[in-house]
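In this document, chain identifiers A, B, C, D and E correspond to the written order of the chains, with residue numbering beginning at 1 in each.
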Amino acid sequence: MLLVVEDLVKHYISGGFLRKKEVVRAVDGISFSVNAGETLGLVGESGSGKTTVGKTVLRLIEPTSGRILFDGRDVTAVKDIRPLRKEMQIVYQDPMSSMNPRMRIADIVGRPLQIHGMVSSRRERDEMVRRLLERVGLSGDHLYRYPHEFSGGQRQRIAIARALAPEPKFIVLDEPTSALDVSVQAQILKLLKSLQEERGIAYLFISHDLAVVRNISHRVAVMYAGKIVEMASVEEIFGNPMHPYTKGLLASVLEPSPNAKAPDEILPGEPPDPRNPPSGCRFHPRCPLADERCAEEEPALMEVGSGHWVACHKV
Amino acid sequence: MLLEVHDLRVSYHTDEGTVKAVDSVTLSLGRRETLAIVGESGSGKSTLALSIIGLLPKTARVDGSIRFLNKELTSLREEEFRRLRGDRITIVFQEPMTALNPVFTIGKFMRDIYLTHRGGTEKDALSLAREWLGKVKVPGPEKVLSSYPHELSGGMRQRVLIASSLMLEPDLVIMDEPTSALDVSVQAQILRLIAELKSQVEASFIFITHNLGVAAAVGDRVAVMYAGKIVEMASKEEIFSNPMHPYTQGLLRAVPKVSGGEVEPIPGSVPSLVNPPSGCRFHPRCPLADERCAEEEPALMEVGSGHWVACHRVSGSGRW
Amino acid sequence: APKPTPVERKVLKVAMGTDIVTLDPHDVPDNPSIYVIDNIYEGLVEYDDKLNIKPVLAERWEISPDGKVYTFYLRKGVKFQDGTPFNAEAVKANFDRLFNNKELANRNRLVPFIDKVEVVDEYTVRIILKEPVATFLNLLCHPAGMMISPKAIKEGVDLKHNPVGTGPYKLKEWKPNTYIELEPNPNYWGGTPKLAGIKFLVVPEDEARVQMVESGDADVAIRVPAIDVQRLKQNPDLNVNVTRTIRIVYIGANMRSPRLQDKRVRQAISLAIDRDAIVEKILHGVGRPAKSVIAEELIGFYDTGKLKYDLEKAKQLIKEAGAEGLELNLWTPKGRYPGDYEAAQAIAQYLEAIGLKIKLRVWEWGSYVAELLKKPEDASPERDLFLIGWAPSTGEYIGVFRPLFLSESIPKFNLWFYSNPKVDELIKKAEHAPRDKIVDYTKQIQEILLDDLPAIPIYNPGDVVVYKKDIKSLYYIPTEVILTKYAYFGSGG
Amino acid sequence: MLVELDPSTKKTLRKALRNRNIRVGGIIVATFVLMGLLAPFIAPYDPTKGNLRDSLLPPCSKYPFGTDFAGRDILSRVIWGARTSLIVSTVSVFIAVIAGVLVGGLSAYVGGWIDEVVTRIVDVMLSFPDILLALFVAAIVGPGLENVIVAVALYNFPQFVRIMRGSALQAKEMEFVEAARAIGESNASIFARYLLPNSLAPIVVHATLRTAASILTAAGLSFLGLGVQPPIPEWGQMMSDARTYLVTAPHVWIFPGIALFITVLGFNLLGDGLNDVLNPKMEV
Amino acid sequence: MSDLARYVIRRIILAIPTLLGVSVIVFLMIHMLPGDPAQLLAPPEATIQEVEMIRRRLGLDKPLWEQYLIFMSNALKGEFGKSLFTGHTVSELLWPAYLNTLTLSVLAMGFGLVIGVLMGIYAALRPNTVRDQAVTSLSLLGISMPVFWLGLILIEIFSVWLRLLPSGGSGTFKHLILPSLTLGLVGAAYVGRATRASMLEVLSQEYIRTARAYGLPDRLVIYVYALRNALIPVVTVAGLIFGYMMAGAVLTETVFSFPGLGRLIVNAIFARDYPIVQAGILVVATTFVVINTAVDILYAFINPRIRLR
């Protein structure tokens, strides 16, 4: 297993002097693993903690507790994380804001090469950047342009090229296609898949769009209010969803079909405030099946079938 | 017909040049009908909406005709137009976060709308507002009336805006991506709510979205826009079972589905509207394009009953 | 001429430039305070506007033939403003205060000369000097000789703020930085004062003071800029009084500066300065070129004719002294004396014209005085030339020579660190000489000083007082004092 | 220069040249800078030497702006005054910018209690409004050219700390800084390559506007007699000297006033223009 | 505790360290002066014994922190010692001058706010038109105008030519007109710029478009919906400008020989009357901090979202 996450917790504590003290339980004890060359899709509604998971795994955010093992090394324990950065990369949702607007593409994509000593001269670097750009479907002539001179889709390709540059084994993709148009989204998804095939990179693919996750993932974890509520292979999740939340989400998705109609209300209410999550099962106030126990006792994530994990008292 | 838009062209003057955001759009809308407009970003959906409600920025130039309730809106006096807005035509914007004034309560906003158009007393205003907040299923309407926008969740704010837009029983409600900023589960709730309200009110709806699934769920008819033009328009059933324009087809193939299956991207990207491609604007990305497509602009033609397509490669007699 | 008739008892409003510092006459350091004090306090004698001595609290006096014993016969029936009677004991009490209280700024005006003060009878008092001083009565005209209520002295009243004198007016209110208002003293021995009060308004801006008399917001403006004289003279409602003072503004030369050791350099500096131009262009005619180290009005004045403008000679002296290109510092205060800062800049230009290099520095007054009063060994090595003015508030020659040129006065007021035994000797002789012999000594002193030039006299500034035509008996004493206590509003005259 | 400009710089430059504020302000500033630089060659007379006999002459053919009380040519003094004003303002702003950028940038980047302390100190310094801090410094160190520079720099310093800190904090929140960490950039490199370049635009704008304000502050100090000392020609000082001749010789204060006003206007125009070009949306 | 109360208390408490910092700096002033403070505070002709006496009387022989505590406890009582030269207590001189400056600043501020806000709105309603450019140019002229020069010009016009108003002095309302006009015009320029900018910003906000979309009349949209939001930055600028006026009054007061705090401080600097300088600077800075705190608090009333900070 390339990445093993055990009981990861991240609480954001804000407030202080005469300010309301607030604890945001963004990620509240989750465990999962990612195999080499595999894509784990992480779905959940906004605020459920997906991004936090992604960034904590890369130690861009310090976890509150928990263990993260990458390739056998304890990411949270290493003194200097920088050498590890070569092997783990991230692609953000908004490619524009994730690039220094005052750097040229050659620098943006070339910096990781320089930092990790993969090139010895500027010419060598530019040559490699050119190849990377061409690989992600951009013309190598764009080397000396600035990010704002590209369209959204092109920028995301540049971001992917940057992530690819240090030849990582693992990339966190944080909603890489949410800001893109459907037609372009399909291009990026295709690109990501072919890169994975070619280089055996593992992905943690974060998205709120179930259809996209289905398209790209091998396995899927569903997050709700800082917890993983269900985790299984794609086929299982979409073919045999067990958690009422997963079911609700799937029912909320609209497909372009001639006889589509507005969905019947499956999930009432709104996602909870992570500052003040419900007791017991966090989903219980919205759950059609909830009973007293759900309000009191937190269900554990348990394996109910081979590789199919669910956290629900009712399953 | 409630609304008839004919050969509408809207362009913006910018430093980079003239942006032809809406180019020769013609459409009409009957009473109690819902038209869903889909298109990728920058295709001119919002511009079309804003030109109908008369809120285009000063840098915009409008040509063509928009007839609503037998009035020509493009030449309407501002004061008269203002009286239509909020009363006969209303709009719900995409961003519920920023669409409400942060320093005033919901109650003040709804009351001001009522008093502006109906006059009457504050009490009437508030009781109507309360009633409508109830209809959009806001829990605790009384408390919401005295809340500031930041005290409400995104879904709640969008419900407030929907209540505000329906409160005076308008003839036309434009919804510009009202659910795009919301979570899937909340989006489902809002769509459900809209579907329910549609049966209760007399209004017609123009529902703008970039999500084909959403368009399918709410629209009676669906118009597909590309680069400022309507490239295809038909009833929901027709357009999803029998898409004719290569762009519509491409779009449908590019959308990932929960039911699975591979996606097929459309090559290239959305063109610049300052210098749009000659001829058919889709031709550089179109798998079927030939020379004619690069030269001659296809007109929107009715190829079947109520099914309109703008493509040289599709004719009334058949399709590719 | 028909005698002017009093028309109205009004409050006289006097606009002056700065607030006063104290109302204690024995401790007063500045002119504005004296303007006010003069209305509240009286001395045994006082100056008139020609610097003649006239009796006030003393009706008459006798001087012993050896010039050492002064017997004063006091005015009877005078009461202090607190009701204490004025008498010989009161006089003694005042001198005792001067003798005993070493902190009083003005004690040295009198104390060094006096041996003792004796009460002869209730209205006779005798002052015995250590040595004869020809100008002792002049010294007594200084506020140091004013009489404070002995009761107030004894009770330790804060005299700075609570004056108790015998004068025609008494303090009503002192609002710092705004005004000081006086009201009539109903028990004044000289009869009811002719004004309903006097209000000294603090108006720092020159222009504003002028405007206030023009607009009638004030009756008198003190220290009016010379440049306005011509214009104001056109105004039929105003009297423009261009007065003389006994102040001389010097360019001091630090006699210990290595750069100024050569007498010829100092002489060249003196010759290089066009004093007439300075008076005409900077003082706008209000003032006179200095003719000597003391003003023409003072006893003992002698014109040596040495202070003239001779560029050629100056250049030649510089050449002889080998001082071409010599760099000198020139310091000046700003706004302390009429035209000080402007004159310093003009002088810098003149000195550059004879080949000196001048580095000008403008000081603010407080640090300037602090610097200049330093002991020679502590003094800044940059002290070369510095502009400074002096007016003997006693109104006589000793008040110049003694503090400014006596060796003993280093490091007090002998700012140029001038030490010449010959001059020391002559000054002492002059102090004790009988009146008619004074000039014999002072002439020699002036000859030497104008040759040595420790202090190069530049000009003798005038003062401009502007007041309403209907104000009568407003006097200007050349000791730079404006005397308001006799003033009244009247028509005609 | 044969440096090839990249298209984006070119675009900004083109935008700048089209901006009317920048054009007008630039011309004014350039004129005054040239005036200051070339003062020895273009001033008709020595600004520190005059003929007392010619004092307070009204404008005439010999002295186009007239003469002051010492008979010095006001035109020459106005020309030389440009040099003084520009030296005081640019040097003090320069010092303040360098110090402010370093302190503010590091404070924001390092964060924690250091940032807290810096913020507090800056708050305290900013509690001495405007000219007061300069007065405070003048009260301690006395007047003089160098001291004015110090006083004005000290006043400008906390402003740049605050601006730099603000924009560095903003930049720090930008995703690209995190992205830089994600590719393994070192702290120093993040500061130099990412934070600094992205914080400079508001600094440049503010520095220009502060130059304008500093010219005013310095002139104000001199006007109060706490600034540059004579005979160095300085506009505020010239006006202060002229107060005595307010009525009789207004030319003495009018010309330096006009020069001061126009110079300040020039820098303000330039600052506004730069703001339009460099920080669209953000108006100071 | 409500959000509002919490916010207000927090703001007030946060002002305290700033005020302490200010007081420390002001206190340290005489220790920062080159030379021995006792010597500096003594009159020039003072003897060594007198200097020692002063040292003891002013407590300069005590440890620094103790001196500071004494200084602070006196300052809190409004006592700042005595003027070195006139023997008046500092408060006797300070408070009337402060009142004058405050009157002047308040008047100028009122004037500046009214003119500035109106000008700013007027310009923002028609951006990039002639009238906007006129307002923008005018306010640019205003902020570029040396305040003392403006003062001189106003004197030349109103006192010298027209002989309408006094060129200086104090006491009547007439005396306040020119100085407050001078300060107010410059203030109006700053306020005008701030109002225009913030109004433009607000008018481009979504919620303004929403208000228009619901047919609300322009008056309501501009003067209620937009202005309330636009006021927030204006209030900040106004707070800063008020401080600027308090301090910038130095120049105006000098030009118009107005007996305010600024002049008091400047004259005290010249006279090296440090207790006055200290007290004056402390009072202006304190006022400034207080005003800015008040502004912060005002925010919370204008904009409920700020209470959460």
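We take it that a contact is a pair of C-beta atoms (placed from the backbone, for glycine too) under 8 Å apart; a residue touches a chain by one contact, two chains touch by 3 or more.
Here the structure is a predicted model, which means the values were calculated and not measured.
Touch-path distance (fewest steps) from subunit D to subunit E is 1.
Two chain pairs are in question, A-B and B-E; the one with more C-beta pairs in contact is A-B. We define each chain's centre as the mean of its Cα atoms; on that basis subunit A and subunit E are separated by 52 Å.
A straight line joining the Cα centres of subunit A and subunit C is 90 Å long.
A separation of 46 Å divides the Cα centre of subunit C from that of subunit D.
Chain contacts: subunit E has residues 155, 167, 269-270 touching two or more partner chains. In subunit B, there is no position where the chain touches two or more neighbouring chains simultaneously. Of all residues in subunit D, those touching 2 or more other chains are 225, 243, 246-247, listed in ascending order. In the complex of the two chains, the subunit D residues touching subunit C come out as 48-53, 55-56, 69-71, 142-143, 225, 229-231, 241, 243-249.
Within the complex, the subunit C residues that touch subunit D are 205-207, 225, 227-228, 231, 274, 277-278, 281-282, 334, 341-342, 345-346, 348-350, 352-353, 360-362, 364, 367. Those residues of subunit A lying in contact with subunit B across their complex are 45-46, 151, 153-154, 181-187, 189-190, 208-212, 214-215, 238, 248-268, 270-271. Subunit E meets subunit D in the complex at residues 17-19, 21-22, 25, 29, 32-34, 140-141, 143-149, 152-153, 155-156, 160, 167, 193, 197, 200-201, 240, 243-244, 246-248, 250-251, 254-255, 265-266, 269-270, 274, 277, 281, 284-285, 288-289, 292.
By the touch criterion given at the top, residues 44-45, 85-88, 92-93, 96-97, 155, 159, 166-170, 256-257, 259, 263-264, 267, 269-273 of subunit E touch subunit C in their complex.
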